[in-house]
Amino acid sequence: MSDTVKLQDAANGRAPAPSRQILALGVIAVLAALLPLVASDYQLRFVAEILIVGAAVLSLDLLVGYGGLVSLGHATLFGGAAYAAAVASRSLGADLTLMVGIGTLTGMVMAFITGIVVMRTIALFFLILTLIVGQIFWEIAFHWRDVTGGADGMRGLPTLSLNLGVTKLDLSSSFALYVTAAVLAFAAWAVARSFVNAPIGRALIGTRERQLRMSALGYDIARIRMMALLASGAIAGAAGSLYPFVNQYIGPNSMQWTFSAMMVVMLVIGGVGSLYGAFIGTAVYLGIQTYISSYTDRWQLVVGLIFVLTVMIMPRGIVHGVGSLFGGKGKQ
Amino acid sequence: MSGDLLRIENVGIAFGGLKVLTDVNLTVKQGETMGLIGPNGAGKTTLFNIVTGFLSPSHGEVVFEGNRITQTRTAQRVRMGIVRTFQKSMVFPDLSVMENLALALRARTHGYAWWRSGAALAAADAKALEILRKAGMADRAGRVVSSMSYGDQRIVDVLISLAMEPKLLLLDEPTAGLSKAEGEHLIEVIRTLCGNTSLVLVAHDLDIVFAVCDRVAVLDLGRMIACDTPDGIRAHEGAQAAYLGKGKEAVQ
Amino acid sequence: MTMKDAITRRRLIAAGGATAFAGMLGAPLIAKAANGSLRIGMVTSLSGPFAGLGEAMRDGIVMALEEYGNEIAGRRIELIVEDDQAKPDEGVRKFRKLIGQDNVDIVSGVISSAVALAVRDVVTEAEALTFISAGSANALARDAASPLVFRPTKTNWMLGHTAGLWAAEKISKTGCLTIGADYAAGREYIGDFVETYTAQGGAVGQQLWAPLGTTDFGPLLTAIASVQPEFIYSFFAGSDAVRFLRQMKDYRLHEKVKVLGGGALFDQEDVIATVKDAALGGLNTCNQSPTAPASQAFSAAYLARRGVLPGEMGTAGYVTAQVIKAALERVGGDVAAKDQLKENLLALPVDTVFGPMSFDPRNNQAILDIYVNEITESADGPVNQVIHTYQGVQDPGPTA
Amino acid sequence: MSFYLVQILNALSFSMLLMLTGLGLSVVLSLLNFVNLTHGSSFLLGAYVSIWWLGSGAPWWLAFPVAFLASALAGLVLERFPFRQFYTRTHLMQVLLTYGLSVIFADLMRWGFGAQIASPELPEILSGVIFVFDMPFPIYRLFIIVFGAVLALALWFVIDRTIWGAVVRACVTDRRFVETLGLDTKRIFTIVVAVAAGLGGLSGALGAGVLSAYPGLDEEQLILALIVVVVGGLGTFRGTVLSALLLGFTMTFTKVWIPEMSNVAALAIMALMLVIAPQGLVARKVRQV
């Protein structure tokens, strides 16, 4: 029990003083604005990918960090929405608002289906059942060749654009994709944050810590978890809808359980229950995978070691680990 | 039978072959404080679980304010006014005292709200503060519960339940693990705050039960063997044999 | 200076200053190639299900470059190898990195068809000179063909088609059963085989599919045992192929039923070296054979270097270097003249260890000799022995 | 007729493989309440060790005990550090730690044993077939069925029917009580983890004859084992056997009847089981309040 507490007490999110928060946001905004000046096209696109995957990991944090529900099927929500957007874009064109709308909706529908199946389970049972449900979705995508392209996936997608009524903005450049991803990431963070700070978010924490007491207080546990799943699915879906257009490709890998497991790893490295840690974890993981692997075949060893050390030394993730080094904020 | 808040009629339950409760009848009147005693394994907590809907009885009915609620879901029963506490402390350790109470107060109205309506929430919070003031804990409203003493945690535990404004409050060994003084203080807080609420109190400390309760019911091996005033119970032979007669070792 | 040295040198440069983070933000130290040297990027699978194949491919290209003294058309060659884990998303990221950050002049590699298709739009948009070493999806020769993407290897059709011809002519026109891995490549192999075979008057009986990554073929083999077909046409790759052949032997079916397979099913290094005599008697259509005349010298060198005869991927890595060499020499090392390079490469065939290779001007797809191999016993254990050669097999291309 | 008989044998042998894979995981979960995801690594290690042994020319039957010992030794080391620190942590933390370790081991084994697929050279005595009427069935699979059944029975006997089993079970419920009996609980925990890892290695050695060994097999087996154990009901012995049979028969017969949908069908049935019985097929009664 004490682990859940250690791992997740950041989840209670007693927000830091507003002024400090505004300062932090400001610094991030300035850095984000400066990035395109120094980064190459490739790097901007890489950052865009981090932001998109990071948003999906953040949505997983709603479940893991606040609901205590570790899902191994989260990639399906992300990948399913990505497929839906890619399929729709072929006939409807890739308008940004349309794509995000379709993705969000798909994410929520898939979360709803998953939710109905997994609602009564917790802990390891929840972990395995989400894995199974996710793999069923994956099998469908993998075998529905006419629509999804099967194992080969889909390519040749139209480029992303934004219809502003008077003009149509082309979003295919790395810079445009970066800006789009950044806006999405910020929106995802803001929505998730408002969710956890609202009564529903507090109630979600309640179900994580004292499920019985929550039912004794008259809360409907299943309903709270379902709402968390829906919110999480909506964010993951919105993020997923951009993914095919950043990669110019979407394939069954982005729905597989291994991707779900990778998301959990990213989340834990970054810090469970902090929301923004999701982005840091994603950056660390993708950074290692992309850069270390150029120098050694043993990059998986590096990822594994970092992950195990994180779990053993700072189970609350890099965000808190570094925080306690500098500000002593780790202990209350 | 006006004035009857809760009626338990012929309730029985078995787990596998094990009969945990057999034909239990019990009536709790409006405003009454009822003690429920019996050795370990007598079925006290199981009875609570049936009244609150955590378990369904194999047979028999639970009637609350004249309505049959045997099949009603827990959440619904809570809204009708049946609230319980647990043997183990069931506070939310990582939330502040205030937030613990707020969770309870919001359960009925704003529990699922995402976009908050500030005024309503503020009203709920004001009410939480009011309760804390009555319990003499207003100064600790911002403390994280896990950092408080166990005695205080148990008080918060009970306050959470009282904040629900129950008509019937089931207290499952609220004083377990507390010192004599702490236990008495807790009972004091309950009596101050409960108003017209009917109480059912399970406790191993018989002194407290006999001091506080209007009537006392005795369960043994899943059967209700007596239900009477404290004096009546003291004189009851069956109860003596089943419980008191065995002396304190049954109570530890 | 060997290629391995070049890689080590890179590592030193990295240790010297470019930390991962600096690499992320500009990578100034390795941004520009040293003057006059030429950078080749190769993306292959060094982890995940194709790791063994990827290592072979990497060794193949390194081997060739070492033979060239690390110099082609008077320019020093620097090779950068990246891992795609056999995941398309990862492949896309690595191709972007090679092109956008490492500023390579040529990109190459890829084992999985899915990765090859996934990166198609990326390299096309970047107008990068691309040589796909092994990803053999038919689509890349057809609607997904791209002006600067060359494919010095077969398409799935070329193997399925020739197997169909061979089966109808030399094995039997009846009693055929197909069994394949249920994913894109398996569907293409089996589909193309069936099309040609039936066009040649053959009749296909039962068609079985096994999910990708099937561990237990028992139920399907029992089904085969009860049907008792004349011969089987089959496509599996990697661990699936090993398990299929071994379990065929476990059920004593390898003695009773002829197995005709496509490429990867009887891959010399990946499969036969592992299953050994369980492969004996099998027939295989493939663009590569360790016993093909063009491959003799290479096979010996490869055996000496790695202790096994080369399979398709080791050879593909080597061939990639051969084709790149031919292309560069025909423009005097001027890699910037992409149109000229393409024109010259398409003009004349290249001699490779696959055999003579010319390119189809419609889609830059190699036109290849396809070997029919029979797995027979030899001094080095069971080996793919060429028993027939279909010369100059050309994919139907964009018209299909 | 003989077709279905052999298919039933196929299903049985595959179920036994699943059960063997799940057993070690199940033992640690039921006895120590510890989730050990390095189990897949033990499996692969055992597979590699036995393949190496069978290829070395030494007496073939020793391959199995050797694989057992190798994995058990690895388990022994792991138990000292870092498992021991995680017994009292949540399942979630145990999952994270051991998953991370399994990633490390996967890469180490890839390093040590190479990326190529490896298959064992089975001894003559195990590589024949028997004929059920006219249908062939490999002797090796019969060997797996018999071996698996014997092992399962033996394990059940030790855990359920002997004093040792009782002592270990008592350890989880109340460690201090066992220590007052003069037994070293630390040592008991070590032995259980080592034996469970050894079981993983043993099943890997047995499985290699059917599955071969290659990087990634560890993860594939781990997932199957997890599904079997969890659907069975966390670490109840009967549950593991039941769900292994359920999964084995489903996967076999869906491959016979609807091969293209066999994975979906098998997954759907396992999901259905968890929906119907959210605590697993054989749930341990736990008092909630």
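As written, the chains take the letters A, B, C and D, and residue 1 is the first residue of each chain.
Just so it is clear, a residue touches a chain if its C-beta (ideal position, glycine included) is under 8 Å from a C-beta of that chain, and two chains touch if they have at least 3 such contacts.
In this text, all values refer to a predicted model and were calculated from it rather than measured experimentally.
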Most centrally placed chain, judged by C-alpha centres: A
Most distant chain from chain D by Cα centroid: B
Distance from the mean Cα position of chain D to that of chain C, given in whole angstrom: 36
Centroid distance [mean C-alpha coordinates] between chain B and chain A, Å: 42
Centre-of-Cα separation between chain C and chain B, whole angstrom: 72
Centroid spacing, where centroids are CA-atom means, of chain B and chain D in whole angstrom: 46
Residues of chain B engaged with two or more neighbouring chains: 54, 86
Shared interface positions of chain A, touching two or more other chains: 143, 212, 300
Per-residue multi-chain contacts in chain C, two or more chains: 47, 182
Touch list for chain C against partner chain D, complex: 47-49, 51-52, 54-55, 182, 208-211, 213-216, 218-220, 222-223, 225-226, 238-239, 242-243, 246-247, 250-253, 269-271, 273-275
In the complex with chain A, residue positions of chain B that touch it: 52, 54, 74-75, 77-79, 83-86, 90-96, 99, 102-104, 106-108, 110-116, 121, 144, 146-147, 160-161, 164
Contact footprint of chain D on chain A as seen in their complex: 1-4, 7, 68, 70, 117, 120-121, 123-125, 127-129, 131-133, 135-136, 139-140, 143, 212, 257-258, 261, 264-265, 268, 298, 300-301, 303-305, 307-308, 311-312, 315
In the complex with chain A, residue positions of chain C that touch it: 10-11, 14, 20-21, 23-26, 46-47, 80, 82-83, 87-90, 92-94, 96-97, 99-101, 113-114, 117-122, 125, 137, 139, 144, 182-185, 187, 212
Residues of chain A defined as touching chain C within the complex: 38-43, 45-46, 49, 142-143, 145, 149-153, 155-157, 247-249, 251, 253-254, 286-297, 299-300
